[in-house]
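Please read the structure below before turning to the comments.
Residue numbering begins at 1 within each chain, and the chains themselves are lettered A, B, C and D in the order written.
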Amino acid sequence: MQRVGVFVCWCGSNIAGTVDVEAVSEALKSEPGVVFSTNYQYMCSQAGQDMIKQAVKEHNLTGIVVCSCSPRMHEATFRKTAAAAGLNPYMVEIANIREQCSWVHKDMLTGTEKAIILGKAAIAKVNLNAPLIPGESPVTKRALVIGGGIAGIQTALDIADAGFPVDIVEKKPTIGGKMAQLDKTFPTLDCAACILTPKMVDVAQNEKIRIFSYSEVTEVSGFVGNFEVTIKKNARYVKEDICTGCGACVEKCPMKRIPNEFNLGMDNRPAIYIPFAQAVPKVATIDPNACNMLKNGKCGVCSKVCAAGAIDYTQKDEYINEKYGAIVVATGFNPISMDKFDEFAYNQSKDVITSLEFERLTNAAGPSAGKLLRPSDGKHPHTIVFVQCVGSRCESCAEKGKEYCSKICCMYTAKHAMLTRDKYPDTEVYVFYIDVRTPGKNFDEFYRRAVEEYGVKYIKGMVGKVVPEGDKLKVQASDLIANKQLHIDADLVVLAAAIEPDKSARPLATMLTASMDTNDFFTEAHPKLRPVESPTAGVFLSGACQGPKDIPETVSQAGAAASKVIGLLAKDKLTGNPCVANSNELMCNGCSSCANVCPYGAITYEDKEFRMPDRTTKIRRVASVNPAVCQGCGACTVACPSGAMDLKGFANLQIMAEVDAICK
Amino acid sequence: MQKITREQLIQKASELLENGTVSAVLGWGIGEFDYDVTPTVFSTVEELRNGFVFNDFCGANFSKYLVKKTDKIEGKILVFLKPCDTYSFNQLLTEHRFDREKVYAVGIPCEGMADIAKVKAISGDGIAAIGSNGDKLTVTTLYADEPVVIAANDVLAERCINCKSKKHVAYDELMGEEGEVIESNRFDEVARLEAMTADERFAFWQNELSRCIRCNACRDACPACTCEKCVFDNPNSGVENKSPANEFEEKLFHIIRAYHVAGRCTDCGECSRVCPQNIPLHLLNRKFIKDMNDFYGEYQAGAEVGSRAPLVDYTTEDLEPGEVFDRRENNA
Amino acid sequence: MQVNEYKPLIVAFCCNWCSYAGADLAGNNRLAYPADVKIIRVPCSCRVNPMFILRAFQRGADGVIICGCHPGDCHYTSGNYFTRRRMAALFSMLDFLGIEKERTRVEWVSAAEGAKFAATMNDFVATVTALGENKRLEDLRCKK
Amino acid sequence: MHNNKYLQEEIIRISGVNPSKCMRCGKCSATCPAYDEMEYHPHQFVNMVECGDIEPLLNSKSLYKCLSCFACIDRCPRGVEPAKVVEAVRLTAIRKQGANHMTADDIPAIIEEDTPQQLLVSAFRKYTK
């Protein structure tokens, strides 16, 4: 039994106006364990807190019950008071007699009666409280960034800048991501490569950063501060440390007709390739599905021309195990497939392209060396129709589109339209839109410039169908303002395809026990207040894996994620929430029910040897909770049939004592 | 009425003992009466010959015994499993309750077991011997001059009338022919109760549960109740309670027991078989099974090892607790 | 002499993150509901063991309500989904045993729904008051 | 604008369409093959029903220009189903006493030798009570 002190707060007249505080402190005096009971005007004031400290000393209190406002308000305050008085802070319980009593009941009699019952419940609970000490765990001072696009690059640079080592895992042969494929960037129109590639070089040259390109994460275990990760380095059949990236092999490779992923299949690359000139690492990679040597053992040209002797046809996938304190997910996005949008004739005509393909067509390093030419016949297009929201905001067609707004399309379409008119003033440019959404610094001005200065024809309405006819594309569309149906003979149709999270995100989320929404975007710990943290401690989110984002937003989120990681890695030890689940091994059946309901993967099993009453020993499978991972929800405690699993601070006996006190 | 005989089982067990595959046999042993068969561990062929029985009263589900027995015995233990027992066997494996490597499971066919209460209702008390002859039982009693002959089908246990499966879902070796999963009417009685008014149901259960003497036989026989320490025996659980002081505690015990095994109960019916007060306890379990099938899709505990029970799973579209009743009213 | 008006005893389990905060908000906005409702704070609605509910009835509660975050909003991501399944099964079972189904309820109340909290409690108290005393699950020894 | 609440609810009920789901993209009208024949276009049907501005639709010849090809239903990204709205307005119009759009007497004038009988049957289903 504790020695409990009860402190009833008046909260001025907030409580005392409807609750007879004197009667409450008097009534609670005779409760079991209570050795001291008083009331005071403002318990949370310095004087009130001093009163508590004084009482702890004078009456040797081991438990404190404060009947006051909501624990969400001042529980932390009174815990500090208790700690200052030399008590364990978790020996404090609050009876909420303001928000849940004096403020909702008008009558003094009922208010007082209820306050007494709430006080009794808190006393019953505190009698069963035990001092709790938060667990501590060490922090591995190294971060893992999964994904090497602009989000991952920025996060890694920022973390490395703070002095912590960072590894980037990128599944493609080079970092750079989607941004490397872009031509210009809105709203300032600087060239993507000019601002991205210096950052890529920074990454390559930063001593704190290691790049695992052409690699993927295959296994994650552990918890915040202590993750253990297995990284699979796919065999690229080229020794990374020896290859100089001279490109002789690429030039000489006889297998030249492999669709070039970097240019979205609009031109070809050889079987051995470097995705683009500024690739980091600038190392060749052999495509095992295309290389004759790897497939049939015939060829070997690259090996012969390689002066450095970097080609190694016998290279195997390599598995690397590393420990990390924090993991940042930056897996990015992809445009959705246009295969199911028959109405736009994407699969029927080469001249119906996606916006990302348009980027490559206008990029100086692209398949047409930056000249805007029709993919079908290489002629200059005179009429171009841009269609927005293709597959975005698409509720009825879940099998082909996405319900959400892809956010970036309005701006890049304005950019494409503007650049086209700028470079080729003889071109007619139409943009069909449902809404133009341009919130963001200098964004709306940018869009208006496209209309007002560059004469892009923005038409409110959607394109209904595109029919290839001869060398033209017959576009049938609505003009809702003019209330007309338009028929346009276009040379090129550009579809602003919706974007979706990368396919690798879902299996990764499972490995990380990080949660996702129905669209496979990672869920943030709090949509407003913790936007770059995943609910799983130690896992952070950067860029479009969390939701559609443009570059400025991605970079700022990347920086925010980095600062969270730095904050974590700067600590030598992590202090946990002490109100966590714990399993009584003597009663645990090892049945796995608890682990099945744990959202954090905090429960693991081990075989333990037990001494039986008959002096024999028995090896049993029992659960153990990792207090650094457990967040204290208590789902496991109810899943456990034997009651072996309990929650500190909200134990079965404590809650039942409250129930009993209320019902008595 | 069983297709497999005691002699065949003894022969199989002897073989496996002698060739060293197993070092012990978990089987049915002679009890005080012919209908009172006791689960027994046999270590020698001689013990088998003297003490092993197999008749129409061998309902006991041995799966549960494996939890404790596998630790006590060096080498493997042979266990005979009727089709319904194999579900419990799998469920216990799902819960990691025993080491599969230590068990040699022999699946045996089952034609349904007899309910001694039903036999007694026909023959009267004082049963001295029960013989089996084809599909007839010959019951000799102390008070009647002539033995009473009863059709085995007339005294079939409720759980066997509503048998859900003649298929073995786990075994190392199968004796006899494999059967099929059966479309049974096992939920009819639950549905009948559901159709009653709340007052009628309350009266029904009041009548049934008030007979409970808290002997714990249901719990002790239940293959899902294998807790190292039951909450009702644990002085630190806050709900320890060893004898029923009043009718509420019987209800509490049976509700909580049914809840604890919900999603894990394979509907083997041992609870009702062993109840000395003939309380239809299996209806509580079946209610949970029926509800979970209705709410979350068909699920048979123990049908496969490693499956996830409905109560430790969820979908974001699950129905709301309040909708449960609307749904029933709409279906009615 | 005036007959004493029947006052039910209601135990409300509220999750710390949404419903308990919703109850606080009801207080902040001075939205009245009967004093018969006594709130017990739990970290998440999934902490509520069926045992607690039966215990409350045993000790003389007339109604038990469990409040949690709306499905999808759980602070612990999935806790209330488990609550939803557990309570659907348990309440259906209590109904099967003939216990009035109106005595038990699950309600999702967010931290912003002070008005919903008060309205829910008013409604629940009215429903339970209409039912009268819980006689089917109480332990007579525990009665005053 | 005249808001006819009763008719509005009636049309929403008959069609089973929720016009407030429309996000005004106009893809229905963009895809409509009978667009030029119509005075009110598919997106306007949805919009006017949403506003309760029903009378002009009831009196419009557009009702009988819709081919019921369902292209609008297929293309609508929000699942609004404009053709069902047109159908519901048409039903509302012809359900009035004597408001049949076609009578048996009209047939001989428009019939041709190779007119399939099925066409007449469906036309009757569509245009008469």
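We take it that contacts are C-beta pairs under 8 Å (C-beta built on N, C-alpha and C of every residue); 3 or more make two chains touch, one makes a residue touch a chain.
From a predicted model like this one, the values you see are computed outputs, not experimental measurements.
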item	value
Interface with more contacting C-beta pairs, comparing A-B to A-D	A-D
Chain whose Cα centroid lies at the greatest distance from that of chain D	B
Chain closest to the middle [Cα centroid of all protein chains]	A
Cα-centroid distance, chain A relative to chain D, in whole angstrom	47
Where chain C and chain D are represented by their mean Cα positions, the distance between them in whole Å	51
Cα-centroid distance, chain B relative to chain D, in whole angstrom	64
Of all residues in chain B, the ones touching two or more other chains	231, 239, 311-313, 316
Interface hub residues of chain D, defined as touching at least two other chains	none
Junction residues of chain A, two or more chains touched	597, 639, 652, 656
Contact footprint of chain C on chain B as seen in their complex	190, 193-194, 198-206, 231, 239, 245-246, 248-249, 251-252, 255-256, 258-259, 262, 284, 287-288, 291-292, 295-296, 310-316, 318-325
Chain C - residues contacting chain A, complex	9, 11, 16, 20-21, 23-28, 30-33, 35, 38-44, 46-52, 55-56, 59-61, 75-79, 82, 86, 118, 142
Touch list for chain A against partner chain C, complex	70-73, 96, 98-101, 103-107, 110-111, 113-114, 117-118, 121, 515, 523, 535, 579, 597, 599, 631-635, 637-639, 647, 650, 652, 655-656, 658-660, 662-664
Parts of chain A lying in touch with chain B, wherever the complex brings them together	518, 586-593, 596-597, 605, 618, 620-621, 639, 641-644, 652-653, 656
Touching residues on chain A, where the partner in the complex is chain D	343, 389, 393-397, 401, 434-435, 460-465, 476-480, 483, 485
